[in-house]
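Think of it as A, B and C in the order they're written, each chain with its own count starting at 1.
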């Protein structure tokens, strides 16, 4: 026992190293999806379902953020890069190399702490709050109290959507930033006077006050004809033409089973339901249906 | 008496009988029976010695490689901000304007540098006396059993994920600060308190090791001189373990410095110069962690984040030197 | 009389400080266990996680955490042990050794996300290991080595010099002295290092998100072929640990029972760490007794 402790450890170590190098290269038909954390729950569930119906397939779904998704797909390190933003809006990404698959639509809703006494804001008021012109809830018909803006991290897909559609090019006030829907929700719930915004699928509980904008209610019903303007696409990008396994999975993502089954169930909206289309410059056009 | 002598004779005779040397003719006694090779060649032990030394040396080389590769990696990305994106390094260190997506004139990290320093220093300053007190209690005051129990519990705290600390901070510390000091409750103070709990186990258990390493003779001789327990602790034990306690504090500070997920939740994460302890601000790591996934590799916003990481490395280097300097002075 | 009074004051202060710390510790552990334990059930431990429905469990995450820990320690302990032995027994006391020591200390202050991204670019992409347990274990090794090495080094230096002298006096080679005398005597200290770094491995999330990944694949616990993609032993499969699960559920999870899952998972994690710590100590004491023929401890 006490003779060979160190030798044993060394041998174990060498064994592990050889073991690892031995099995390093066996990922032939593996599909790795990296990127948008907002899309992750959906992609993960779709991946699980796909694995069950297609034996021998190997799908790995990871988050990491839209920026990671886009840079990794551009580098060709993964098979699918998911993103909440259009690739051509990102500096350093050559969108021509990438093929865009719109797999879902997701709404964004402003939320406030329950104590502020506001249930509706006009888009102008919203803009002025986030640019720092309105600083007290009294100014927009609520109880007296300072407005605390919780913004989302710069570069996050949700923030990009929100700033494009609400701020329209104006600079947001310097404020607290949080990078995930869950944390934002918790902070808004517990801190008086806070306002922020999250994606629809997360805005399910009653601890926070969802705001309607110009008296349009934040429901999935109002999105297809652009009545509720705060929405964005969820993208899956491939580099050039996808290989066979990847194409098959993307086809599955766009199939009826996912688009009318899983997607509404998770709080997203199917792209097939949309009556309008939006391009990367936020130009909205009606779809001829 | 004679009985004993007989016994002895018996034993000696037996030994001689066992040691019967076979008779070899003088002529046949050649030097070849003495294995010169074996005598001049390295023994088994020497081989083992080489092996052992070689293996451990290999391990240290591996670690050096690792350090060099990480520093090289961070350096390569971090310096790109200054060399290929042409950010002025003085601007980077002295401006508080942080918005790298707007171009190279908006890459000022001063607010984060100040916040990081404050958060780390204050939490280490609060944690150190507590940790030393607990360590002293464990080694000098309490029974072995309760010391062991206390140690296990502190070690338990290391295993709790930072996210959980973050949420505890968010639900307990932030509201308390809001009620006591006003404001939103988010800020350096909240981050400091969360970090205090997080670095406490690290500093405590390393300090315990440091105190245990003080030889018992020192304690005994001090007691023999008539010193009280506190005199022994203050003049002997703490003096003897100063440099190791300082190392413990460095490790604690290092942990505080590098902690991101928990801090990010309670500090408010707004890149603003902190004007008091309860105003929202951001540390280097909290910015780094929350932004990394949202930036595209190789672009300025991404490189700027790597510069923060590089800065972090350099700053911990500085911490290190400072503390070692103090340690050397303390020894004299 | 002065000294006696000071002694009393100091004692009172130390007791107050300790009491405060105990209150904090008890508060935190109590909070986690009280909110989490009621939701821990056999179902929770034995079912797999769900992406968007309520009622998911953490079976795979639990296994992954333990498996990842074992792999990480198996990789990092030999290296750390070797390096620590070299530093404490062989290396000359010159500036090179000091530089190495300093750089090890600096390394430990790197934010885990940097280590994670480094691991991502190096192991996941460069070495083509993909999001996998082994990438995670290697990244955690990076993360673990500094603190483990310096812990072990201190443990070795804490072994009384007389023990080494005794070894030399018996005519043992340096190596035999280290292996037969110094290492066993330093075992308790080494163990503290392992327990501390194991705690960090259990609790680490940021470094793993980019390396071991934040979602698992289908795992088959009856498949013992470590090379099959569905085997639970396969080191090439992506794996989500308990800590990463807590992070994910709280930040981007859309399951309706997120708070419950997170509370229960935290409590489970604490329990796992308790079991591991006590197990490691018990094993360590047994080894210590066997190796050093000592009856104390």
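In this text, a residue touches a chain if its C-beta (ideal position, glycine included) is under 8 Å from a C-beta of that chain, and two chains touch if they have at least 3 such contacts.
For reference, the UniProt names are A = Phosphate-binding protein; B = Phosphate transport system permease protein; C = Phosphate transport system permease protein PstA.
All values reported here derive from a predicted model rather than from experimental measurement.
Colleague: Once the contact rule is applied, which chains count as partners of both chain A and chain B?
Modeller: C
Colleague: More C-beta pairs touching across which pair, B-C or A-C?
Modeller: B-C
Colleague: Using mean CA coordinates as chain centres, what's the chain A-chain B distance in Å?
Modeller: 37
Colleague: Between chain B and chain C, tell me the centre distance in angstrom, where each centre is the average of that chain's C-alpha atoms.
Modeller: Comparing mean C-alpha positions, chain C is 14 Å from chain B.
Colleague: Chain A to chain C: how many Å between their CA centres?
Modeller: The answer is 32 Å.
Colleague: Send over the residues of chain A in touch with two or more other chains.
Modeller: Within chain A, residues 6, 10, 37, 63-64, 72, 75, 179, 183, 186 contact more than one other chain.
Colleague: At least two other chains touched by the same residue of chain B: list those residues.
Modeller: 52, 55, 167, 292
Colleague: If you look at chain C, which of its residues touch at least two other chains?
Modeller: 78-79, 81, 179, 250-251
Colleague: In their shared complex, at which residues does chain B touch chain C?
Modeller: Residue positions touching the partner: 45-46, 48-49, 51-53, 55-60, 62-64, 66-67, 69-71, 73-74, 129-130, 133-134, 136-137, 141, 150, 152-164, 167-168, 172, 197, 200-202, 205-206, 209-210, 212-213, 215, 227-231, 233-234, 244, 247, 250-251, 253-255, 257-261, 284-285, 288-289, 292, 309, 312-313, 316-317, 319-321, 324.
Colleague: Can you list the residues on chain B that touch chain A in the complex?
Modeller: Contact set of chain B toward chain A: 52, 55, 99, 101, 167, 170-171, 174-175, 178, 184-186, 264-265, 268-272, 280, 282, 290-302.
Colleague: Please give the residue numbers of chain C that touch chain B in the complex, ascending.
Modeller: 3-4, 6-7, 9-11, 13-15, 17-18, 20-22, 24-25, 28-29, 31-32, 78-83, 85-87, 89-91, 100, 102-115, 117-118, 121-122, 142, 145, 147, 149-151, 154-155, 157-158, 160, 172-176, 178-179, 189, 192, 195-196, 198-200, 202-206, 242-243, 246-247, 250-251, 262, 266, 269-270, 272-274, 276-278, 281
Colleague: Could you list, by residue number, the parts of chain A that touch chain C in their complex?
Modeller: On the chain A side, the touching residues are 1-2, 5-6, 9-10, 12-13, 16, 19-20, 23-27, 30, 32, 37-38, 40-42, 44-45, 47-48, 51-52, 58-64, 72, 75, 77, 179-183, 186, 201-202, 204-205, 265-267.
Colleague: Using the touch rule from the top, collect the residues of chain C that touch chain A in their complex.
Modeller: Residues 51-52, 71, 74-75, 77-79, 81, 124-125, 127-131, 134, 179-180, 183-184, 209-210, 213-215, 217-218, 226-227, 229, 234-236, 238, 248-256, 258, 290-291.
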